[in-house]
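Below is one structure. I have some questions about it.
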């Protein structure tokens, strides 16, 4: 609550336009709903411009369905990441508009239609195996109303494939680059474009890739400027960040 | 070189407006200057919108001076990070406009004045010891023409200090958050604002902070959305990325 | 055995009130029962104020049942952590009072009723996925006679949920804070209360959370004072420690 | 600010006992003083029961002196940890009561005398080299008014030395155990006492001790209950936590 | 082949007692048998005093059976570690004397009876879950003709159990100590006995035990002298080493 | 595209031998085929002398079959590594010449027969469990037309087995050495031969081998010269590199 | 104190041969001397057969001198490891018999002459740089009365040097093998001898040797049997352990 | 000693052409010279085609001089790596032909002139700071008679610099690529050439580069084929390996 709002509230209180108990309650309202196991953050959209997203991993099917159920009482759009087929089935039963993006492991429920951005986010992968993480990024960005351009399998072992797609990539306002193994692609892209690059290391690889550690370290120590990094396999985080930048 | 430019070049060749050897040479021009130990990337500004920056660490004083000397032949602004006092003295001798930002360890040479952005980048630190890294970010962003707002020492141990500064932080278009030890501040800020957050882990701390590893991991696994991370102590990278986003 | 007891024993020996063999035996009695695979520490309650607890992980169903069987010959309360459904079934057969706390993976057998403490332990979690570890802490603390207050899903991404619950948390005498991912919650809570905080990192998360390492390091390097840490997912240890402090 | 206080403030506003601007200001007062490089947390004592402590590491001598200078304007006691000789000299100049605990690297300024607790904190070390960390714990605890009992060099290689000191250790209300290398002492002590144990791993050791990592992991995985752990070499944290528990 | 043997061989050659081709072949004989996938080291007993042992992990059932089959053509005793039930069944079919030590995961075939040593090896565990590794050590030592004394579940959380068993432990000529979690037991034992201690870290534990790393580091940095360490869960290595020392 | 080719292209353009659009297109041709999920690098053989290899891990059966299907339209040989039985079945259906090397997990399709090299690559393993990785190396090298000599199970615990095979190993032009656990074999071989050694660490081992880390570090720090290392379990990479050297 | 001794003590008490206070005191005598900063373990020789050794690292010059001073009041031999030149100078002043082994960083004081063992300990190094650690092992073993045979610089890169020295090595009763970098030598030696091998990893190396980690992991995962390992650079521990075994 | 040589030796013995003691001695001759601290491997050139190289790190100035002194008695060329200025001064005194390559930290003594290879080794660096390691590689390769082509500062942030130099790089027979930070350059180069690439990670970088670990992991997990890796900063190893391949 910003100072001006606070001042306004105090003024209303003095003017008797609002009772004291109501004032106290008002400070709590818009806040959250308590489901026992979860506290749904209703305030989130006001605070950050984005509604709360359900991170399904570690939650039971029942918990996910309960949270969706409550959120449906509002009129908001709903995004659930790291969802399983079973969770989708449970959600589908209570909301027919629910859609499952299997590759991206995302359940989305769109109730109010957004206008798409004019500008584009490019989602680029080094290899074919990085596509599920890239899809999580792309579907997330699209959910929040961004236009997305997918450029897959242009890794550094055959870098002419990247060059061929450069015009498309350069056309974007923000670029998400998804890569496993040595994670070199964001460095290359970062050196060729004048747009911010969000790098997503993936756990693709074996041996010394140590479940994404090699890609993560490579991206963090990138010698290219204009590159920042999210967690290993965190397609959602990259898509969200890219969308936030794209909509500035 | 974009397809249209290529097409243009071919047309000129066919029209005899340009000789073959010149065409080949043209493809290389704007490219780089070879100083032996270093190849200065003249092409960079064209490609990424930003001139090459000198990363002084691991270079000798002579190498830094040579590179600056060459870059002075153009009319560009020059930024040299991780510079020492000695490097500054050597550079100052060949260019009187050189300025040393001691805390940020940056040498800057501004020859053409930029208009400042209307929008602001907030550079926030958790503690007093994080200031040098924050200054590297702030000076970098300012060098590229961004307005910067500094908010220092508002870490989570006394979080009301952060709340007090929230209006100032929320007023920014992008937020750089610099923190060592457990690196929790970006998560908090990320949960309170509707702007992209660039998190910079610092090597501030001891014991299990393992030279910034704890802060790095904490920021990467942040439960807040809209947070991406750069290398430990990489104030430059954060300031550059923030500036790039701010100017979109 | 304390010096005075030793002196007493010697005096009894000299006075002939106790035979030599009996004296030697006395030094061993109260000690332990040897089941071959396990040596049950009967002495433990005398020494530490708490009876031995059965850590079921790595034990066979038969071993757990044997240990319970022996302990039932005394009149003590029995707590078995990291228990499986199968272990519970086996224990239930030999003791009808056995109760299974499925979420907490705990078998408890209460034979003597304790008076509950007046003061409370707050068990707080950052997310919904941290609840199983939190329940292990809560059930453990309750088993040893502590009043417990559960506050779940108040992590830093929506920190107003925490503020709303602060009075309840501040009302406690000791606070257990359970969090995965970046593990920032104990730092926040530690900066807001005047009570000792026991932090429990969980293995909730993925990628750079490295099975709880990120949360562990974050909690160890917390910039808040009055925070100490137990092993990853060690709800039992936190509940035990909190109970010990609460009962001082 | 608790709900009742808030209610009280609103009532005063309605009754005209306090002006609106004053009400808004009141919400900020008691908050912090901004020195530019640092924001001193005046609110801290109210919130956590303890005044802010200056962590000198990473601060300049001037910054430390400035912070002390400001804090002297109140009437509080001042504690500065990880202080150097030079910092002490600078502080001594502006405050004659300043005292330097060289081994503990602590500057303390005591202006109001506290009554010592009846109960004692035992600070125990495994070896002679662990003493500096132990002293940091002991001096911190004493600063906050706790009686401290020092038991040094009773590590597990000659465990009878520990047994000899057990009565003294058992007499304490809380026990701080400081150990490097394999860090086994807290496990032993934890198995012998009925009091909470705060374990402090130290960076004492070489090779596979990896700067305290071996002791840290050992303490975290302790098979004894009632043991929690602070950061490597964090004597302050242990002394603070122990004091907090001792004063419950 | 020692120098004297070499000299002897040359003399035989000169004397014509042995042909040149035979001499060359002799240098290779006693060497190994090539099964394609494996080269059985027949020379081993001559060289190290012990026959080759079959490490079954990573081998197929067929490979294990083939190796046993070949070794049966000699008259040696056979030891196969990390064996599965299936391997045992396959081996049993070709050799009725094969015996399976299920807990220790060992197949043994004893064809020539050894005299047992007079002196004893003590195999000690911290907990019940460490028994399988301890049994691997014990069965290995027994296989090579050593008398073994088992002392299980005497870990540091209830250290009086260890004291009670000290006479039995001190009676041994070598001591194998098996422990997981913080791995403190070898330090304690090492400080109480005048015999070499072979420490075996186990992967028993969770969280910060990192699959035995905490126990391994703890044992390597033990402050007790006379302790050396083998690989995590390497009961065989400890039993072998202990037997070698016991038989000196 | 080399400068001379570029010059040639420009000349053709000027001479009107080729149209402008064709010239632009020509720069892209030979490039790659876009299957959506994958971009097949047709250019690769031209650029590196070797056709693209399909790395099946992380790809679906359908994706692998699609890629093979496309590549079959050319007349090239096809190699697919880390393939499963199921992938083989799918590929077999569309190409009868497909062959499955089960141990090596490789599908190969040979349509044009190569002449074998005169010189040999030796593929050496320390143990029996390292054979699958060695086979991946051997089959890869053979696929590219190299003669391979397999020497298995000659690890350092019975080093005379290695000595016996030295003539065969020394006869090779390049040597691939595959070893897990302590990974010492490449050091030994490197000290005995005058040929380059490609070392392949394997994940064979347990405990402190940390999935191949011990072997990897051992090989990287080898005190023998002429040894270089590929990723853990990367038989393909070693076979490829060895073939490349062998064919120089 | 063994049970028989305890029985004896009780009998003496009953018979009035010893007073009660004396009996209590007797249980403490032989125990330790308290110097404040250190508790000298006088009991150690009785318990483990070896007098306490002073580990100088982390102690001040004064502390080392104090401890030596006290120990000189007995008639024992004194060993101080990791000693500096300065410590030696201080000790020399109070005891003229003190001798400094500079390479081994050991101060030794021999007051009673021991008979040397008939059997020998071989101390073997891989390289020249490993000699300081090897000397610490050798001087320690000699201090405790063992005959030592030094075999330096016989690492695996030129393994014929090792073969040449094999008779000397095989002649020993125990073998200490000291190696840095890949640490392969103990595996080789272990496969060639029938004696226990104590492996000492050293921090010799650079890059991926990570201060001895590569050698440590290599030795722990050695495929040779009869090898156990001590801490990185722990020459003392190896010499002590070897001496203990040699004197069995 | 190969079988034929062995046969020859036996024949000579039988024919009385050589005495028995001489035969035994002959097996040892060509072997090594024992300087006490070091055993110089005279046999090395015979065995591996290359004379022994002196690795100066961890050796004293005297030891280096002694080894050089002995090697000078032969007529071989001498190479000493990781040498200091002081070592050079000492060597210069006993051999005027000694030359110091300061950047490469190498002392070389060339007594017999080699013919240079026709083919070239390209030594490529990503940045200016990688030059010292690259020089170690280049000087080593040149010492062994290879022609070397240096291409410095062509890292991926400005990849057109690499493209410009591709003809020169492709012209080489083997390519050494030296890079720190994310170590991506070998992947790029490996995808563009048909020659073996030896990748050298350097410790250039900060933060998450963890002293070269990020570059090392990146290179090991490179998605390009035909790349193998040596230790961090191991320019010598790369130059040696490249030379060995170049001379095949």
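Letters A, B, C, D, E, F, G and H name the chains as they come in the text, with residue numbers starting at 1 for each one.
Definition applied: a contact is a pair of C-beta atoms (placed from the backbone, for glycine too) under 8 Å apart; a residue touches a chain by one contact, two chains touch by 3 or more.
On a predicted model such as this, the values are computed, not experimentally measured, just so you know.
Trainee: Which chains, if any, touch chain D and chain E both?
Mentor: C, G
Trainee: State the chain with the largest centre-to-centre distance from chain B, centres being mean CA positions.
Mentor: With centres defined by C-alpha atoms, farthest from chain B sits E.
Trainee: Just how far, in Å, is the C-alpha centre of chain G from the one of chain A?
Mentor: Using C-alpha averages as centres, the distance is 59 Å.
Trainee: Hey, how far is the Cα centre of chain A from the one of chain E, in Å?
Mentor: Chain A and chain E have C-alpha centres separated by 54 Å.
Trainee: At what distance in angstrom does the C-alpha mean of chain D lie from that of chain B?
Mentor: Whole-Å distance between the two chain centres: 38.
Trainee: Between chain B and chain G, what distance separates the C-alpha centroids? Give it in angstrom.
Mentor: 54
Trainee: So which bits of chain A are touching at least two other chains?
Mentor: 3, 127, 157-158, 190-192, 207-209, 216, 220-221, 225, 231-232
Trainee: Where do chains touch, given as pairs?
Mentor: Result of the pairwise touch check is A-B, A-C, A-D, A-F, A-H, B-C, B-D, B-F, B-H, C-D, C-E, C-G, D-E, D-G, E-F, E-G, E-H, F-G, F-H, G-H.
Trainee: Considering the complex alone, what residue numbers of chain A touch chain H?
Mentor: 126-127, 155-159, 181-184, 187-188, 190-192, 205, 207-210, 213-225
Trainee: So in the complex, which bits of chain F are touching chain B?
Mentor: 3, 6-7, 10-11, 13-14, 16, 20, 23-24, 27
Trainee: Where on chain D does chain G make contact in their complex?
Mentor: Where chain D meets chain G, its residues are 127-129, 131, 152-154, 157-158, 160-161, 164, 204, 206-209.
Trainee: Can you list the chain H residues touching chain F in their complex?
Mentor: Spelled out, the residues of chain H in touch with chain F are 2-3, 47-50, 53, 167, 173, 190-196, 198, 216, 220-221, 225-232, 236-238, 240-241, 244-245, 248.
Trainee: Which positions of chain H touch chain G when the two form their complex?
Mentor: Within the complex, chain H contacts chain G at residues 28, 31-32, 36-39, 41, 43-44, 52, 57-59, 63, 201, 203, 211-212, 216, 231-234.
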